[in-house]
Each structure stands twice: as structure tokens, then as C-alpha cells.
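Before anything else, here is the set of structures, which you'll find just below.
In what follows, chain A forms one complex with chain B and a second complex with chain C.
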Partner chain A sequence: MTAAKSLASRALSWWWGIAATLLATSLCAVLLPTPFMNEVMIFAIYVSGCNFLIGRLGFISFGQPAYLAIGAYCTAFYLFYVGTNPLVGLGVGVLGGLLGAIIIGPFFVRLRSDYFAMVNLALAVVLFYVTQKLLVSITGGDNGLWFLTQMQSTPLLDLTAPAQFLWFAIIVATAVTVMFKYLDGTIFGACCLASRLNEDKLQFIGYDNFKIRLVAFIIANTVTALAGAMYAIYFGFVSPEMGSPSRAAEPVIVTLLGGVGTLAGPLIGAFAYTGMKDVISNLIGNWELFIGFLLVFIMLVADQGIWGTLPPAARALLVHLRRAAGRARN
Partner chain B sequence: MPADGPVLDVAGLNAAYGEAKVLFGIDLCVAPRQIVACIGRNGAGKTTLLRCICGFVKPLSGVVRSHGSDLIGLAPYDVAKSGVKYVPQDKKVFYDLTVRENLELGSYASGDRNWEPALNYFPKLKVHMDRKAGYMSGGERQMLMIARALLGNPRLLLIDEPTEGLAPGIVSHLREVFTDIARKTSLVIVEQNLPLVCAIADVVYAIRDGRVAAMFSQRSEMSFQTFEKFL
Partner chain C sequence: MRFGPVVAVDRVDYQLRRHEVAGILGSNGAGKTTFFNVLTGYYTPTEGRIFYQGRDITRLSPPQRVALGIARTFQLTSTFDNLSVLDNLVLAFFRSHCRPTTLGLLFKRCAAYRDHEAIIAALHQFDLHPIAARLACHLSLGEKRRMEIAMAVLADPELLLLDEPLAGLAESEIRGVLEVLRRQVGKQTILIVEHKISHVRDFLERLIVMHEGRIIAEGGYEECLNDPQVRKSYWQIDESSDNAG
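Our next item is the complex of A and B:
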């Protein structure tokens, strides 16, 4: 009986955060505009990969648009040239991202964190050039590839209908969060964190740091490619702009904004960033400048990001209020 | 893996950091269940010697063997897997991980799920299993690092300055622990704490300017006054 109770309490402690996030997201899906929520959910998946790289491995990558583009273009190639089923297209995009990460990873993860950041940026520049100029006959260059009307409806949740796509995106984002939460509790998760803290010591214990980094790199960038594939299906269109190096800092900024290494950070960051863009661009002409200042302000005030700052601050406030109430009773 | 030969046999070891040569033909031998201490001034090359043995510094030339197997050229994680574990000086555990997670890392790498023998040396760790290692004292961190290194029953532990900055009570506890560990595992300890060296070492190597200046293997030769000349 006690064992069953302990198991139930462990399961509850494991799931309550996920369940609460899912509930809050579902509520937002009902209350907020569908296009906004779709963008938030896909962006959250995109940032999750970056968050894993920074938060667990300590590797900042300014090349995430490249992995996003790999996923998006693989999906687009399938849906434009081969088939019409978006679910198969999604699978092709993820597979493309996985293969890309397996090929690129062994070269990149050997590098130090600062070189890693730069070499990834270089990859994004190369890929942007390839999609924009070099392979115009296949990628359509700046015109991109349109396949919105070519996609067939899918059973259960029709991915061609934005309202149903949103529920699919929520399910995928939840699955990605569950996967990262599960990884956090495994030896592999501990190894990733240990690799960030002190890679030499990890080797003293008997772990091959290279293999740990490589697997983490593959996981993170396959998730990024998944986001790219979802963008492609949602918009029914891809263009080189999606993988533009000028947007390289975006996932890093949103990771920092949400709270590096926290599970809810990518979702919170994506909400805050997309929300700020949506609201402020409606009110102000030069909204990019304003958002830039706002981000600098938020990071100065809350250097742990929103999710890394607000819950501890709320807990501290609660403790303070309880103490004050206790003093008043006495 | 051949089980014959000394637990550690270092011969003619030369090492350098870039242009700066640090070790000059070091010879060192460790027999089973022996405690070997290396003493010497800061910068004498003691830590470099340990880092060469565990694969972190590639020597220029020389031989490093354990039970007849060559360790030179092996990656540090392969040296650790072969049963030669290194406990570095800085006492930096994985501070964001709990004590349990730190031990799990050692456990998984060595395939040894039995923590009892290691934790029996340091019962204090049992109380702090779910505490983040970063919140522990220097002595507790040292205990954790030694306990983690003991998982998998290594044949040789290389411990760098284990008592540096620790309270006398913890030092005397470590002294008992090292004597106990040496019943099964050989130890190479780099140490400046001469009373501890005199009390537990079977062999003492005095290292000066990257060379073995003297070697003491007789109890009668080991005294505070003799060793002090090398510090």
C-alpha cells in the first residue's frame, strides 16, 4: 500500500508540471487567436532544441536556422515533388534533420563552445546561400516552394486546417517536453549536465565526452528539424528566409528569455517573444528597436530568464507572507 | 587483461607543456595494496605525473604500464575503465547534481551498482544523498569524489592533494580510510601533509624539478625531518 502510494506520488510529481502546462496551453488555444498560438507552439519546439544545447551541454549555437531549414526543406521536397501526405512529410523532415545532425555532429561537437557557436553560424550562411542561389532549380530560390494546396487532409487531426494543426502542435510540443523531462532524469541527462560543468572530470569517471555531446547534439537538432518540418506544413511554403542567418540569434535570445535549462522555458519564452512582437508591432512602427530594448531590460532585471526568476520569486514572496501572517498571529 | 606485473610501472617518463619540459625521466613503481606518496614543492611536477598516468597529458616519451598493459595513448575514459581512477586536486564535484546523481554517474560508468562498500567509508554521504553536491563542504566533496572513484573496485587510485584545506578531523578520518582502502586497492597520493605521509605511506617518492630526487621504502627512513628537505 505504501509502495503504491509512493509510486503514485512519484508519478504525480513527474507529471503535474506537464499536465498543468498542457492545461494552460489548451486554455490559451481556446482563448487566443489560432495563428498566434500555432506560431507559439512551433517556436517553442524550435527553442526546445536550442535550450537543450545551452542548458544541458553549455553549447550556444548561432546556427539553429540551418537545422530548422534542413527539416523544412526535406518536408517541402517531399510535399512538392513526391507525395501529398503531410504526416509522411513530417517524418521525412525529421529523418532529414536526424541524418544531417549525424553527418555534421562528429565534426562540430569536437569544438570548444565559442568555436561551436561560430561554425554553426557559418553552416547557416552556407545553407542559406545554397537554398537561395546555388540550387535554385530545386529550391525555387527566393520564390521558395509552395505546396499548401497540394497537401491532402489527414485523419483524426487534419494538418491542413490551422485550428486542428494547433492541437497537433500542442501534442507534439508536449511529447518533446516529456522527452526532455525524461532525459533529465536519466544517466545520459546527468552526463550532459556533468559535461557542461566539467568535461575533464567526466572523463576521469570513465565517460567519453565526445559521444555524450554527439548524442545530445543529434537529439537537439532533430527536434529543431521537427520544428522546421512543422513550419513547412503549417505555412505550406518554404523559402530561404526561414533559415536566414539574420535570424540566428532568435532561438538563443528566446532560450535566455524563457530561462536556460528549464523545461517550461522554451514555451514561456516563445509566448513572451511572439506576444511582444504581435502586440508591439501593432502599436509601434519601429517595433524591432523597442523589442530590442525591452529584451535588454528583461535580461538585466531577470538574468535567469522569466521561468528561472518568477517561480523562485513567487516562492520567496509566499514564505515572506506566511512569516508575516505567523508574526501577526503571535 | 594480464594480471601479472606491478599495478603501476612508470619508467623514463618525460612530459612537457608546449616548450616547457616538466618531467625528466620519472621512474615509479606501485605494488598491489601499496600506498605510494609523492612529495615535493609546488611546480615540481607531481600533478603532471598523475595527469600523464591517467591520460590527460600525453608524455613525450617513457612507459606507463598497469599489470603489464600499456596505458600511454589511451583516452582518459579508457584509463578509468581499465581500473586506474584519478581524483583531482580541486574538489570540484558536479555541483548541480545531487550526491546520488554523482554516485550514479560513477556507478553506471563502472557497472558497479553496489554503493555500500564505498559509502561505509563515508557514512556522512548517506545522510546527504539528495543534496546538491555544490552545497557540501570541502571535506564532504572530497569524500564524494573518493567514494565515486571507488565504485567498480579500481585497482589503482591516483589522489591529488586529498587533505589540502581540510579540517584536522576530516584529515584523520581520511587517513583511516586510505589505510582501509589499501587492503584492496593500491594508492598513489600526491600530498604535502608530511605527518599523513609518514603515517600511511609504504613508499615515498620525493620529486624535485621534474625528477625523482629520492625514494624511501624503509619505515626507518621516513621522518618529518627527512621529507621536509624536499618541500
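Our next item is the complex of A and C:
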């Protein structure tokens, strides 16, 4: 009975957490500029894949722009050459990302974490070159592909209208968060955590470490491709710049900033990073330099990231205040 | 088994009988752990064959050998430190009893197995129930050893390979682990590598002694320990020179 109660209370607190995040995000969607919030929500989905790779498998990937670009270009190819429905384009982008991860994964997940990071970066460089120089006739090279005006409106939520796209992005980001939360509670999620720390032991209790890493890699990068597809639909445009290796560190930094392996980390990190970028770039010219220093400072002060530091600190403060109040009463 | 010019395990011809409890003794570098690693698939032997229940398993991967019923523990305790004791046991139990595909793991929740009777029984049998919710990284060495053996036993193996299960334990912890091992006698075939061999002599049916990668003695406990070659290589007692002196 007690176990059932504790399970119910945990489930309830979890759903409350999701509901509270949804409410806060919705409030931000109403109060803050739509373009900013759209960017935050898509960025949060983008970072979720990276967060899963680092937080669950211990794999740092500097190649996330490549998987983002795969999703974005698959959607763009569909919307530029084939059809006009953004929802179908989104599906094509996700499918492209899934196939890409299935093809690339078996080669990459065999590598150790440091080599994994570098080989992914190499993939991003190759893909950038391919989209910018090699397949100019298909990708449009540096000019990219424009299809904003070719997209048809969609029922219920019109993805061609930024304000409605934002609600769609919030729904997708929530669905992605719920999916990762679900995975955390599965045997697969436990295997990912186990593989991160002790892959030999995992093998010797009968699990195939390679297959577990491969499935995790496919899930993470399909989510990244989903973010790419959403970028493509939101902007109605793709260019090689989207998958540029010069932006390879961005998702890793934002993952660390938000709090590695935490569920809310990607959203918090995306919000903080995009916010800093927007605010600081409005105030000073060389904003990248300033943001770099600010990030170094934040990570030195809070190495668990914002979400890994603030809630425990707040809880500790609350306990301290309660004790102080108790002492004052006595 | 060869590593460059070094032959770590050399012409070891050894058979285990069903439900037998056997021990391996040898000085450091004798090849005991390498022999274990070859048996469990950590290393593929450069020459020779390994047969299990009449089947050649020389080229099988560790998970494939686990599926056939071979489980092991490690010389240095090997657990999942970022998981709770309970979840360590769930992972060990689930793989051997449910045998799912990797995609199947996506649809099975840990919570559904945490109160499985086999896991609850293992928690009590190995005296882990008071620390079931604790992260493995917060356990003492003795608790980790007990948990590791519990994980191996939960896999319900036919053959249990224990690599120095008493290493680094205090006397009180040794008694706890021995009690656990004693309960497994007769249920599984057990092969133990152990320096503190006198602790396990009660339930050892056979002993082999390795030296420089080779078996130099095989037989009963007393018989092996009184073997002149064993006394010379393991304890550096050279009886021929003693007699001559």
C-alpha cells in the first residue's frame, strides 16, 4: 500500500512538473516575442538529443549540426522539389534523420567517447562541404533553398504562421521531454546509464552494449533531425550554414549550461543561451566574446549547469530558512 | 593465450563437472584471471578451443556465453555505480529471465521488476535489503562484493566464475560472502580464483594450481598444497635443497 502510494505520488509529482513547465512555457509564449520563443523551443529539441547522448551514454558529439542538417535538408528537398505540406515535410525530415542514424550509427558507436566526438565533427565537416560545394545543383550551395511561400497552410495549427508554429513547437518539445522521461524509467534507460559507466559489466550480464548504444544513438539523432526539420519549416529556408561545423560546440555548451542529463536542462539551457545571445548582441558588437566569457564563468560557478545547481540550492536554502524560523520560534 | 611475446595461458587442458566446486590457485601473474577472461569471452584465445556442454564456444561473445548460462564476477568489484542496488539486480535478473531483443528493452519498465519475488528473495538472501535503494557508488567493498555475487546468481547460471571474491574484504565481510557462497554449493558449477584459499577449502572439491600460465598441479586440496612443485612456485619452499641441506 505504501509502495503504491509512493509510486502514485512520484507519478503525480512528475506530471505536475510537466504541467508546470508547460504552463511556464505557455506564459513565456504569450509574454515574450514569438520569434525568440520559436528559436528557444526548436533549440531545446535540438539540444535534447545531445543531452541524451552525453547524459545517458557519456558520448560527447561535436557532429550534431550534421544530423540537424540531414533533417533540415530532407524536409527542404521535399518542400522545394516534391510537395507543399509542411507536416509531410516534417515526416520526411524525421525519416531522413532516422535512416541517416541507422546508416552512420553502426560505424560510430563502436568508438570510444573521445574518438566519437571527433569522428562526428568530421562528419559535420564532410556534410557541410557536400551541401556547400559538391551538390550545389541540388542544395543551391551558399544561396540555399527557399520554399517559405511554397508551403501550404495546415489544419488546426497552421505551421506557416509563426504564432501558431510556436504552439506546435511547444507540443513537440513536450512530447520529446515525455519520451525521454519515459526512456529513463525503462530497462533500456538503465542499460544506457550502465553502459556509460561500466560497459564490460553490461556485456557480462548478457546485454549487447553495441546494440544498446546504437539504439540510443538512433533515438538521439532522430530527435536532432526533427529539430532540423522544424527549423526548415519555421524559416522556410535551409542553407549549409545551418550544419556548419563552426557551430558544432553550440549544442554541447547548451547541454552543459542547462545541466547534463537533467530533463529540463535542454529547455533551460536553450532559454538562457538564446536569451543571452539576443540581449547581449543588442547591447555590444562583439557579443560572441562576451558570451564565451560568461559561459566560462557560469560553468566554473555551477559545474552541474543551471538546472543541476539552482533547484538543489533552492531546496537547501528552503531547509535553512525553515530551520532558522524554527530556532526563532523556540 | 598470447600477448605479444608473453604467453599468459599455456596449454591449459581442464574440465569442470556439473555442480562441482573447484578452485584455482596461483601467484600473481600466474594466468588465473586471463584464464577466466578466456572462458568468459573477454579475450579470444590465440590458440585452442573452449567447450561448454559439448558446444564449441571459443568464438562466442560475452553476452552469447551469458545466454548459455555462464556468469562471472570480477577481481575488482564491477557494478553499475550510478544505479541503485535494486536496479543493478533488476538488470541482472531481467536479461537472463526475459531474454528480450534490444528494442524490447524500450517497452519494459524497471519499476515493474523491482518487486519481483526473485529479486526480493535475492535482496534478503544476500542481506542487501536495508541498502536496496542506495546508489552502488555509496556501498562498502563488502556490500559491493555481495551485490556482485547476487547479480551473478540472479542470472541463474549453470557455471559461476568468481574471480577473487574475498579480495580486499575485512574478516566480518569475508564471513558474509562465504555464507552466501556456501548456499550456492550444489546449485551451480562454481569455479573460484582465490588467494585466501583456506577460507573456501570446506566446499572445494578440486583445486588446480597455475604457474606462469600452466597448470602445475590438480587434485584435492591437501594433495595440491603438498605438491613439491606448488610449494616451490607458490611459497618458494624448495624441498630438494632443504633436504640436501
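For this structure, a couple of remarks:
In this section, the second predicted complex is superposed on the first by the 320 of 330 C-alpha atoms of A that agree within 3 Å, B and C clash if a C-alpha of one lies under 4 Å from a C-alpha of the other, contacts with A are read in each partner's own complex, and residues count from 1 in each chain.
Quick note on the criterion: a contact is a pair of C-beta atoms (placed from the backbone, for glycine too) under 8 Å apart; a residue touches a chain by one contact, two chains touch by 3 or more.
All of these numbers come straight from a predicted model, not from anything done at the bench.
Superposition of the two structures on chain A shows chain C clashing with chain B. Looking at the superposition, the partner that touches the larger set of chain A residues, chain B or chain C, turns out to be C.
When the shared chain is aligned, chain B and chain C each come close enough to touch A:Ala190. Contact with chain C, but none with chain B, is seen for A:Ile212 once the two complexes are overlaid on the shared chain.
Judged by the touch definition given at the top, the superposed model places A:Phe204 against both chain B and chain C. Judged by the touch definition given at the top, the superposed model places A:Ser246 against neither chain B nor chain C.
Within chain A, the residues touched by chain B in the first complex and by chain C in the second are 187, 190-191, 193-194, 197-198, 200-208. Taken in their complex, chain B has these residues touching chain A: 54, 56, 75-77, 80-81, 85-88, 92-97, 101, 104-106, 108-110, 148-149, 152.
Residues 3, 7, 183, 185-191, 193-194, 196-198, 200-208, 211-212, 214-215 of chain A are the ones that touch chain C when the two sit in their complex. Listed in rising order, the residues of chain C touching chain A in the complex are 40, 42, 61-63, 66-67, 71-72, 74, 78-83, 87, 90-92, 94-96, 100, 102-103, 105-111, 113, 115, 151, 155. Touching chain B in their complex are the following residues of chain A: 187, 190-191, 193-194, 197-198, 200-209.
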